[in-house]
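For clarity, chains are labelled A, B and C in written order, and residue numbers in each chain start from 1.
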Amino acid sequence: MTTDIVLQQLLNGLTLGSTYALIALGYTMVYGIIQLINFAHGDVYMIGAFVGLTMVVVFGINIWAALFVAMIACVLVAMTIERVAYRPLRRSTRLAPLISSIGVSIFLQTLMTSMKGPQPVGFPQVVSNTIYTIGPVKIALVQIIILLVAAALMIALQLIVKRSKIGKAMRATSEDYDTASLMGVNVNRVISFTFAIGAALAAAGGVLIGMYFNSVFPLMGVMAGLKAFCAAVVGGIGSIPGAVIGGLFIGVAEVFGVAMGLGSYKDAIAFALLILVLLIKPTGILGQPIQRKV
Amino acid sequence: MEELLRQYMNLYYIQVLTLICIMMIAALGLHLITGVTGQLSFGHAAFVGIGAYAAALSNIHWGLPFLICVLLGGLAAALAGVLVGFPSMRLTGDYLGIATLGFAEIVRVILMNMDITGGARGLAGIPRETTLVLAFVLAAVAIWTMYRIQDSRFGRALVAIREDDIAAECNGINGLWYKVSAFAIGSFFAGVAGGLYAHFLQYLNPSGFGFAKSFEILTFVVLGGLGSIPGTVLGTTILTLLPEVLRFSAEYRMMMYGLLMVIMMIFRPRGLLGGVDLLPLLKRMLYSLRKKQTPLNGDGNGRSV
Amino acid sequence: MSTPLLELSGLTIRFGGLTAVDRLDMKIPVSNIRALIGPNGAGKSTVFNAITGIYRPTEGRITFQGQDITGKHPYRISALGIARTFQNIRLYKTLSVLDNVRIGAHGIGRGGLFGAIVRPPGIKAEERRINEASGDALELVGLLRKKDERADSLSYGEQRRLEIARALVSAPQILLLDEPAAGMNPQEKERLMLMIQQIAARGVTIFLVEHDMKFVMALAQQVTVLDHGRKICTGTPDEVQSNLSVIEAYLGKEEAV
């Protein structure tokens, strides 16, 4: 493998990985705050893609407006899901919210399948097909857009979490739910907000992927969701930078795997990395080891 | 026997009942792992799949007797359970669940890519060997075995691990050994179910043993009541019947299934029989029924009871 | 001088930058009632956790009956005859009182999966022995009549007694009690003291951690004082009580708070 090819694949991997990272952030933030693996999150990503598609194809608006609408729509969807299917179970057994999230996931997938059919639907070419050459690598315009949008969203997230009042509330609730609530934090609002941001990012990821591969399908959230979840764990579940690193790492690993001939096993790459990390350092790349109090 | 049944019952009912019995065996395996020992496993269907393929292939390629094939399926799954369980059991709670999920997906992808399993096209032409009678008998044996396990020193050790693994260790229980054992036994059950399933459906596809199936089995166990054998039986029965009952709107039936799960969790999160000790409850119900037939004031000698 | 039953040599336990236990030396002879006292956070429970194998010592050695048990797994240490109760009560909450004790008796049995399913006569005899031993242990702590109740339905004091029964049923050589009197009223404490004395009279060595000074002074034959992980002094209750540094450690802690 020559350096040129390595760099090219690295670029492709980072592009794919950025979308995984956008989804992974939602998983990691929700887990960090209420220790729930939100299985329906991947389907929110899928809904984002479809809303974006519908906006462009049916309403003919430009892609940026469509992206915005998709994000808003998914924010509403996610907040509704949280309110209806998770909040009542917050004080319940550990498995109940998990089962509930699976139920929601199944519901969303089958809803979309019954509305649109299981076949992939074409996503129109909304950006020009231009390919730029920078030294040894070729980069498509759409890849530049994905990387820039993803980066912008992640920076925005970082600013919100580190600098804003609600961000502080999020971090406090993540750290210690009960204390935060006793200190006057409106935990319900904070949790809703967490779901909202995660959904917005995932929605963006969905639209970007639609632009990248020019197709969307109702079950696209399943595999992408699982892989993004692996990314969140690999990077360190609960850690925002971890989700980004995990996402990029898995994206790159997948692309390199395919390039090295593991094409038909590509879906297993994320899971293999997941198991590897869990066996070596379960708390992930950036995770803190937890000490049990006896 | 089967022919006798077919004369009295609609073939469709026989099919459904057979499926319920098969799924019950798999669900009981997960019940042991998650309900009794408290270890989260999101990849149970992978073991069903391993058992299914092992059984089917030993029948097709080696022509072994059917029951031996099913046994081999169970053993293959149990072996896989040990291989997966051993490294994973050091993990706790959600991490373990995630690891088993990852493992299950890897198994699915491998099965998709092997020539001998027919890959993505699946494995067809498996002879029809599973009868309702056999499935029922094996399900009954599985239930009986589970009761025996739970009411023993071995079973108590598993429950201790679930309730408080550190206290269990201090009581002399080797957590790792028991967890891996539970995993192996639970996977054995899954493999047997898989073997029966293969010779019932006569066709296998790796996509049928992915995480969706794993979660389906998990809901059988949780819905019925985690840790309860009658609960697992009830949960499996209801949730296997449900898609059939909702068959009228095939398009919307999975949608309603998902919705139903959410509603169940909101209104009865511990499952239908969760926390309900069935035997004492039944005894009390019978007792109160009998009491109503005896006179309320006093015994025959005029003294109040 | 016979070998002590339990010996800690230079026991040191560090968590990252924090030294919880610092070069602790202790010798506990057979049939002793030894108390470990000290302010909160002095490292007392950590010592227990190290002895029972939950924490691995960073340095030092733990010897039991002449055998080195440093860093062994808890289940092996339990089999050697060391039993314990926990500061934060770790009962098997949804199980019955009897089942809690029967699990404590795990070491009495040997039956595994085969025994569970097939139930040969040997296993049935084993179960009878376990049930008998469990009944005896419950009788000793006065909980036999509640044997079928759920563990978490018991009062706090009863739960502490149940933990003791669970630890006792395996007929240990040494019983480690981690704040057994915590949260009890004076009558319960009185009863507990008598119970511990009864247990000691049966030949079980007692090693306890406690905050209640009156309780400790009345019960213990020897007292060791720990502060910030270091042994301050050791001796009979009277000797320790009058020792100035002990008083300082307690006073200092109160002022800091």
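Throughout what follows, a residue touches a chain if its C-beta (ideal position, glycine included) is under 8 Å from a C-beta of that chain, and two chains touch if they have at least 3 such contacts.
The structure displayed is predicted, hence computed values, not measured ones.
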Chain at maximum distance from chain A, centres defined as averaged CA atoms: C
Most central chain, judged by mean C-alpha position against the global CA mean: B
Inter-centroid spacing, chain C versus chain A (mean Cα positions, whole Å): 49
Centre-of-Cα separation between chain B and chain A, whole angstrom: 32
Interchain centroid distance [CA atoms averaged], chain B/chain C, Å: 40
Two or more partner chains touched - positions in chain A: 294
Of all residues in chain B, the ones touching two or more other chains: 166
Contacts with 2+ other chains: residues of chain C: 54, 86
Residue ranges of chain B touching chain A (in the complex, touch as defined): 40, 87-88, 91, 93-95, 97-99, 101-103, 105-106, 109-110, 112-113, 166, 211, 215, 218-219, 222-223, 226, 251-252, 254-255, 257-262, 264-266, 269-270
In the complex with chain B, residue positions of chain A that touch it: 35, 37, 84-85, 88-89, 92-97, 99-100, 102-108, 110-111, 114, 226, 229-230, 233, 264-265, 267-268, 271-272, 274-275, 278-279, 282, 292, 294
Residues of chain C that touch chain B when the two form their complex: 52-54, 73-75, 78-79, 83-84, 86, 90-95, 99, 102-104, 106-107, 109, 111-113, 115-117, 119, 123, 126-127, 130, 166, 170
Chain B - residues contacting chain C, complex: 145, 148-149, 151-157, 159-160, 163-164, 166-175, 181, 185
